Amino acid sequence: MTTTTAAPSPLYQWWVLSARTLIPAVRGGELVTALVAPLVFTVGFYVPLQRVIALFTGGAVDYGQFLMPLIALQAVAFTAISAAFLAATDAVHGIDRRFATMPIAAAVPLAARLSASTVKCALSLAAAIGCGYVIGFRFAGATAAVGFCVLALTIGTVLTLGADVLGTVFRSPEATTQALMLPQLVLGMLSCGFVPIDQFPAWIQPFVRNQPVSQFASSLRGLADGTGAALTPTLLWLGGILLVVVPLATRTNRRQR
Amino acid sequence: MSTTVTTPENSVPALVRHTGLQAGRLLTRWRRDPMTVLQSLAYPVLLLLMLEAVLGRQVSAFAGQDALYGTVPMVVVMSALLGSLAGAVTLGRECEAGLPARLWVLPVHRASALASRFVAEAVRITVTTVVVVAAGVVLGFRFHRGPLAAIGFLAVPVLFGLAFAALVTAAAFMAAKTVVIEAISLLCTLMLFFNPGFVPIGAYPDVLAPVIRNQPMTSAVETMQALALGGAVQGPLVRTVAWSVALVAVCAVPVIRGYRRAL
Amino acid sequence: MSPSTPAVLVEAVTKSFGPVPALCGVSFAAEPGEVLGVLGPNGAGKTTTVNILSTLLRPDSGRAVVAGHDVVTDPAGVRRAVMLTGQYAALDDMLTGFENLVLFARLLGLRRRAARARARELLAEFDLEDAADRRVGKYSGGMRRRIDIACGLVVPPRVVFLDEPTTGLDPRSRQRVWDLIAGFKAQGVTTLLTTQYLEEADLLADRIVVIDRGTVVAEGTPAQLKQRVGATFCEVVPVRAADVPAVAHVLRRFAPAAVVEVAADRVTIPAPHGAGTLAQVATAVAAHGVAVSDIALRRPSLDEVFLALTAARPRFEVVA
């Protein structure tokens, strides 16, 4: 005679919860959005600006090759914002509290959301690279490609973790997404991923040079080109974000017990 | 009795009075909502500043004229369009709460409810335009064709914005709301990148030029550009008016019917 | 309007939403100054009826007259005479209580100064002066309901439609609303009260109309309706169950054997004279020497009326 006891393994729970997030996303078309967003960014940024930038730089800059890292970054940032939306929705509907009263380890729901987001992130990145190839972007080699993807996914995961914490804390899906879209737009536009840094007015160049998205874009560009650009600032930024976000994440998810 | 105004419900003075009162309510509501204030005032100015900082020099070099004369109209028209989206969302929420029904049962002119929404929208668009133009003036924007053209400059986004608001409202009534709002947001984003206010038409691949030239937002932007800087006004103006009239003509009946049903 | 004209008259009103029939011929009337309760399960057509009477909807056929104005030919007249307050207390929650009152007053035709004065009057009357400058969105449930009704009374209406006015209110707020309704009656205002709370209808309504599946299934005073479904019973519970046959024997003096209901622990007979029957039965049972644990009058509740009248009707007629 078999008995059912409530002692499932955390791994199995994680798998179930990840599926819970992913399967409706597939059905509901959220995955389509993750795939389409890079396309929109590519078309919106590249097509209008390609000739303008070429003229201004006298043809020195291949805009397709130049722009690609930013498209990848915008794509992963977009999935991070969706993660914030999901986390906020879960929090506001109280399902977090429901899980907290069940024999589920506190880290499992968070891990499930992260893994679901990472899947979306990877798909979005793949779509972004596909778009990049269409506009003329090429990797310097296989190692370059691998390095690029690893860094991009790492950035995506760190941003997703931060966004998830923000969403859980603020509990308002709409307000959180609106609040996060602003930095995405501002930091994305005011970065050297968008136009070469010397084209910015002198007074804003210090900001542009040192802000995190610029650093991320430079590192990604260096990896893709094979020129091995400075990874240190990027890693420092990522480390800094984690230092802030991980304790917050532990505290938010534990407080809900 | 001097304390009451006794006019029949369906008279013109009643229409004016009741529209004014209800529009005042909407404007007070928007004024008090921080999100609406941000989206109507702060975001457009921020977008203008960013576009000027990031792409100002390059676009000016390509166009042979100051990029501001494209960016300012584009930002104004874009905020009008996005604002009407937000307005449709507000209307949806109010219908769910039952407020429009409550006001409908009062002895007010039957057209005042919808009229007041459009009047309030027109006021909001005008305020946004003035604020964005002021920011543009700080950056070097000037009206080269005199005060009459400046008034036309203010009127064009109101005309086009109201026509677009009619479209959005009709769409929101006819289909599931979130899908409509997302689709229109996406459309607006695309229109933002593909209009002559962002970069001149010559910068786009030749195959796209006809599409961009005939996109509804283009005519509004071109008219405003011509009114501020110079160049042919008549052509773009006629196209803008045609687009607006067409949108209103197509959407008027669905809007009215949809509103009655949503009560 | 002569005293014999009903304040609200509904004659054979039908309404369909596409293929779905919401009202299949509703007829009833409300006299001036009366409180008419409208009961019915969800989806029965109560809200549709109220919406037609307040000119939000047009009937497909039939006639509806409110305060002497036909809802189809003279809706403006209807709107001048009615006040509608819905379940969710529809006000602009970003305006203050004072601003909402002034808005409604001005929309109803008062000039600005008169509107402000009337607003202050109503705030005092409804005990909302402290909250006058706070946004309605921050009011408690009871306060929202009070300001909602206050907004409807800016210009005195002749007919008031209250759609589930006490849903979600705490007992004190509910009592205040009931007092207000009593006040309407005193002023000769006709009230149409839609409610799910049967005790509320029982307490407040002069007459009740029960609507189910788009038609009126019963109409009458609460007492009449209760009588239709059941009468008052007298119930005797002896201390020892073994005494039940003895009690039944005694009670057969007061009612035909056929209606004496004998259960395992109690005996029940109809009590046509109410308390009088109770007194006689008590005396008789005591004289017989039976120790009684409980003796009571059991009146049918409006719940029973409601459930009986709106019970699911069989879909198909079985031909025996």
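Each chain gets a letter, A, B and C, in the order it is written, and its residues are counted from 1.
The rule is short, and it goes like this: a residue touches a chain if its C-beta (ideal position, glycine included) is under 8 Å from a C-beta of that chain, and two chains touch if they have at least 3 such contacts.
Here the structure is a predicted model, which is why all the values come from computation and not from measurement.
Q: What graph shape do the protein chains here make by touch: line, ring, star, complete or other?
A: Line.
Q: By C-alpha centroid distance to the whole-protein centroid, which chain wins?
A: Chain nearest the overall C-alpha centroid, as shown: B.
Q: Using CA atom averages as chain centres, what separation in Å is found between chain A and chain C?
A: Chain centroid spacing, chain A to chain C, equals 58 Å.
Q: So the centre of each chain is just the mean of its C-alpha atoms; given that, what is the distance between chain B and chain C in Å?
A: Chain B and chain C have C-alpha centres separated by 48 Å.
Q: Please work out the Cα centroid separation of chain A and chain B, and write it as a whole number of Å.
A: For chain A versus chain B, the centre distance works out to 33 Å.
Q: Using the touch rule from the top of the page, what residues of chain A touch 2 or more other chains?
A: Where chain A is concerned, no single residue meets two or more other chains.
Q: Can you list the chain B residues touching chain A in their complex?
A: Interface residues on chain B, with respect to chain A: 35, 43, 46, 50-51, 53-55, 57-59, 61-62, 186, 189-190, 192-194, 198-199, 202-205, 208.
Q: Which stretch or stretches of chain A touch chain B in the complex?
A: Those in contact with chain B are residues 40, 43-45, 47-53, 55-56, 175, 178, 182, 185-186, 189-190, 194-195, 199-201, 204.
Q: With touch defined as at the start, can you tell me which chain C residues reach chain B in the complex?
A: 54-56, 76, 79-80, 82, 84-86, 88, 90-95, 99, 103-104, 106-111, 113-114, 135
Q: Show me the residue ranges of chain B that touch chain C in the complex, using the header's touch definition.
A: Contact set of chain B toward chain C: 2-10, 18, 21-22, 25, 28-29, 32-33, 97-99, 101-108, 263.
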